[in-house]
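Next come two complexes, and both contain subunit A; in the first it sits with subunit B, in the second with subunit C.
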Partner chain A sequence: MSAGKESRIRTHARLRENVTSWLIMVPGLLLMLFFVWEPLFESVRMSLYKTRNVELVRFIGLDNFVSVVSKDDFMQALVNTFSYTFWSLLLGFGLPVLLAILINETTRGKGLFRTAVYLPNMLPGLAVIILWSAFFSGGKSGVLNILIGRLGIPPQSYLTRSEWVIPIIILIATWKGAGATALIYMAGMAGISPELYEAAAIDGATVRQRVFHILLPAVRKLAGTLLILQIISVFQIMYEPMVLTKGGPDNASLSLMQLMWQYAFGGSMNYGKASAVAVIVTLILLVMTAIYSFFNRRESDWE
Partner chain B sequence: MKKIQHTGVIREYDLHAPAVKAGYGFVIFLCCLAVIVAVFPLIWVTLAGFKDLKEFLSSTSIFPKSFSLEPFAVTWNQLGITKNYLNSLISVAGSVICALIFNGLLGYGLGILKPKGYGVVKKLVTLSLLMPATISIVPLFMNIQKLGLGSSFLPLWLSFGANAMYVILFMQFFESLPRSIIEASRIDGCSQLQTFFRIVLPLSKPICVVVAIFAINAAWSDFLLPYLVLRGTPKETVMVRLFKFSTEQTVNEDTMMRSVVFSMIPPIILFFIFQKQLTENSVSVGIKG
Partner chain C sequence: MNRMIQCVSLMLSLCLLLASAGGFAAAEGVVDGDLTCTITLGNWPPDTASAAEKALFEGYRDTMARQYPNVTLVPDYYSYTLSNYVPMAKGGTAPTIFQPPFTDPQLLISQHLVGDVTEALEKFGVLDKFSPSYVEMLADENGRIYGLPRDGYVLGMHLNLALFREAGLMTEDGLPMYPKTLQELAEYGQIIREKTGKAGLVFPASETYGGWLFTNIAWNFGCVGESALEYQDEDGRWVCNFTSPECVAAMEYMRDLRWKYDILNVDATTTDWAGAHSLLGTGEAAMNFAADDSVDQPTSNKGLPVEDFALIPFPAGPAGRYALAGGTCYMFAPDITADQAVAAMAYLKILGKLPFLDDDIIAGMRADYAAKRDRGAPVLPAISAWNDAEYNSAKQAIVDEYCNVDMRLYSDFFDSLSGGTISLKSEEPVFAQQLYRELTAVIQRVITREGADIVKALQKAQDSFQEYLDDEINDY
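Then we have the complex of A and B:
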């Protein structure tokens, strides 16, 4: 009898504890709901409706998608966005690893190197883009032209060349982000026991062999995670071309997210079509993440 | 004094070989090059701020003719940057408070309290980390308008209370705290909230500092949502102003460069105060995700 009562009191206390715990989490959850989760569902819903200003007028199925995709600028933006991703992986994926390996080797001045390469990451992205726009400006007072002028090369124009504009934007993004990513790799490298290197050295492994057989394998998993995060972030590239080139020359740097922004806030306020573009980007990213995790699982099965 | 130790692949005895020694020299050279590449643009833009429009457009020298601070003062006053700075300050302050309180409490729930069913929330939060953020900006802006929160700082502040990364940083830190301390406090009769404010929070200074720095910097640099919410009101922040300059082309290039300098001063100050936390602490915390 008393045992039953005691257990009932305990269940009651457990329940109360659970309820209080949830109440503590509720404010944060409500904000997540309002700012992150609901908008995601809302953009799927909105993409299926004809919209007028902030109102949903009527359900139109996939019409928004059809109308968005059939425009020339969509194909151009899609190709460009993949091009951004390609360049970003080419220029921006290996560089942080290399930086990390180099700085990891230094003894004196390590703190200075770490601090200096991290600095660009702290700067506001918008300020960075405007700053670099002056660098690549085409006149003779553009900084790059001043620098190559010292080598006797005549002034060039950069941002008006359609084949250069995407690599340049990626170069700027890499300048901003590479140092911070390098520090993440360095934290991973710091976890490697020096005894491993010493043991390998005693066995006659050269410095290069130690890099390829101890250092790089140790950060491979980390590199996989950073790879997928990099793809997700570069796929959303938007304000960089918006500010630097307005998507030009001739839509050569127009990105998908920029197209979304144009539909929504570029004067026409077509939120339905903007959402359709957003949904397409989300789907592409979901597919890529799924492919990545599929291969990742396969690989870890082998290990 | 602490002995300097090699942490890298190259060990001390390797340096006896001339080839390795030369290679090591090359490594140092490349590191110095990286420092120059990272810092040079900042030095350049500051120098460019001293030039007037004519000099900016025609001079082929990186150094300005004179180092008078007058152009900076003129631009500052002409554009009325003081007001934008104050607005940015208000926006940043509220954002940091929201980032610490809301994400901290959610992290506390997921990392320590773990009520029945918390696993679902944990999954959702982790997934949100992978979800592209800008994608939902359109419906988010619509929601804000529907609630009549346009042209107010409130949605900007609260948006920082919903950051999956900060929640996870808090959660991981809380999980690393010794459980015995928390249980002892519960046995002594503290409620969950009391335990949070009296026991957990005082132990969590390192993570609070890291999240606060991240939030300050992010709130200062943010301009897309602030632009949509605040444009055309007297509440425009520094970054909103800068975004308008760059898209509407209402100012000259030299003025633009000075505005860029103005917008970078607070983050750089923040960076030099907290460089140790930023380059050591945060990173090792951040990667465990």
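Then we have the complex of A and C:
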């Protein structure tokens, strides 16, 4: 068989193989195109137009962006959103790792603890917020106030204090979501070779040494990925403040996504400005993801 | 503006007692019995609704099937919000009839998101009985009608009499010594808080609710006419006016309620409309700015016995006595056909929403009032949207049959409407929801920070809302 003919056969075979692959992907791509890319493109287009509800009236360039950014509530929402991210990393990034390590090191009832930490994640999001709103209610009937009342402390108001609302919302979000993240870490830890543990045990390694020299290095890459996912997720926080504090007091818990919602559905129906906020959020997240990818790649190169 | 206020006041008062225009007549014969079409009905009672409510609507459906056998009714659980309605209207899936609050009709009309039913109303001969104040809310600049009032309301105050009793604020006749002025409201609220430990006043200062209620307080401090919160200048441009001395004084009053008299509920900034009713109904607060159409909220919904509940007029301020007149309306899908519009009116007639009374309508009203009484909600006279004295008095007679309350606890409220001692006012004319949102933010600042600079906060809100007005209406 000539080299040319052999090459053609190989090309055909690869093509056949690729056609099958593409056919498998087509439904997914179509759905992606229809439900993700098209709305995304439409949103960018809408942000450049004066709109009347969802209709485009006239092209106005970057006017929507200028108008949105020049308002105080945008700056407040931007600062708040970064504040959400900061508190989320402070309260919520290490906790799942800690939970995963504790459960991983547990010898009895591992399944029970796994279920227990995941349980809040199974509750509907709104139910969780309503549950916690009763906990943080400022009256004498608020659960937390009843508890501190036993210690002789007078009732406090929690959700009306601008300096407390964001940490409280993040605390609630962490309570709900930490278990699911912990399970991912546990899956990562399950991939660690048992020989490593045995060797460490033979060498007399303590739990602390096992954690710092085997477990944490093993999940470091996973943690990096989860970090960026967490930032993306928290940056889009919306329903928690919307239900718990309605963005208040005095916009102290207003997030960028909530601001977007207000422009679109909060009475003004300004979809152009809402789209402008959405595009800004997307750009910020793209930049943050790019920064992460850059450092991640550089780290990989060093390794 | 004062003239308009007087007009609204006069018209609504006339609706209650004095109107003399025309009599009511059966509309039989105006609609072809062979009318054939399908209409979708939003706000159908969900499966979780009470058996009485479901039976009531099934009864309406049966009546419609009997009178118009070729009209197909499609029940829909759809409940209107601006955010969910717009995509449905644009996508052609909006129900034929839906029920927005009176804040939205003008926005929906200006955006061409609702259907014109003028011809259908003419066919039923009711166009000229429509109260002018409602025409103003539900028509475009050419007088075309796009909606029908479902029910009107006037803002007053709900009282929890159990707390008034505990605070020693009851007369020997068993009537509450209630606040007639905003100043008395602060003082009585303080007495209640000191004597009972509960909030004197529940003020829902979240989202748009705070601003919505505050406009009433502001009117009573003089934010009307030339000092209105928003007005049109000589060039026809809309101008926001939050920094007038009257508005500043009203906001200072809000500050005093929190920091001087300390009568507000503790979580005011997270309390919404339903939460406010809940706090009053469960005895956590003694007074709530609320209307006659929501008396079932603290009572039947939250368990406050009707004998512990009272409805009083909105307290007067230093510059007058104003209260909001608003309500909920029926509006129609933008693609409604002429036949569907007629069928929709026929259905609303069966519901008793047109000024006709026949056996079916009277039976429907009786069932409605009986259901209210059974679930422990006060049965009260409704504020009519029709200038039809005979119709209004006939309805009142049916209400009287089912009345389950001591009317002395409500008479001042209704007397203030019929006697003209209170001036009724519709909501701020343009982009009211956005205006409320801006004012709510100021209220939140003022009641959460003792040293808040009120003028600065109002100026900031004014700049923001002015930009909004310029963007959406002045420079459009």
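In this text, the second predicted complex is superposed on the first by the 272 of 303 C-alpha atoms of A that agree within 3 Å, B and C clash if a C-alpha of one lies under 4 Å from a C-alpha of the other, contacts with A are read in each partner's own complex, and residues count from 1 in each chain.
FYI, a residue touches a chain if its C-beta (ideal position, glycine included) is under 8 Å from a C-beta of that chain, and two chains touch if they have at least 3 such contacts.
This one's a predicted model, so the numbers in the text were calculated from it and none came from an experiment.
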item	value
Clash-or-fit label for the pair subunit B, subunit C on subunit A	clash
Chain touching more of subunit A, residue-wise (subunit B, subunit C)	B
Which superposed partner A:Gly138 touches (first subunit B, second subunit C, both, neither)	second
Touching partner for A:Met46 - first (subunit B), second (subunit C), both, neither	first
First, second, both or neither for A:Asp73, with subunit B first and subunit C second	second
Contacts of A:Arg161 with subunit B and subunit C, given as first, second, both or neither	second
Partner chain(s) touched by A:Asn251 [first = subunit B, second = subunit C, both, neither]	second
First (subunit B), second (subunit C), both or neither touched by A:Phe265	both
Which superposed partner A:Phe34 touches (first subunit B, second subunit C, both, neither)	first
First, second, both or neither for A:Val54, with subunit B first and subunit C second	both
Colliding region between subunit B and subunit C, picked from 22-30, 76-84, 202-210 or 346-354 after the shared-chain fit	76-84
Common interface positions of subunit A, toward subunit B and toward subunit C	54, 139-141, 264-265
Subunit C partner contacts - residues on subunit A that touch it in the complex	52-55, 67, 71-73, 133, 137-141, 155, 157, 159-162, 244-251, 261-262, 264-270
For the subunit A and subunit B complex, residues of the former touching the latter	17-22, 24-25, 27-29, 31-32, 34-40, 42-43, 46, 54, 99, 101-109, 111-120, 122-127, 129-132, 134-135, 139-141, 143, 145-146, 149, 175, 179-180, 183-184, 186-190, 194, 197-198, 201, 207, 210-211, 214-215, 222, 225, 228, 232, 235-236, 238-239, 242-243, 257, 260, 264-265, 271, 274-275, 278, 281-282, 285, 289
Subunit C - residues contacting subunit A, complex	81-83, 86-87, 90, 103, 107, 111, 113, 197, 205-208, 265-270, 272, 284, 431-434, 436-437, 440-441, 444-445, 447-449, 460, 464, 467-468, 471-472
Complex contact set, residues of subunit B against subunit A	4-11, 13-14, 20, 23-24, 27-28, 30-31, 34-35, 37-39, 41-42, 44-45, 48, 56-62, 98, 101-103, 105-106, 108-110, 113-116, 118, 121, 124-125, 128, 130-143, 145-146, 158-159, 161-162, 164, 167, 191-193, 196, 217, 220-221, 223-224, 228, 239, 242-243, 246-247, 253, 256-257, 260, 263-264, 267-268, 270-271, 275, 278-279, 283-284, 286-287, 289
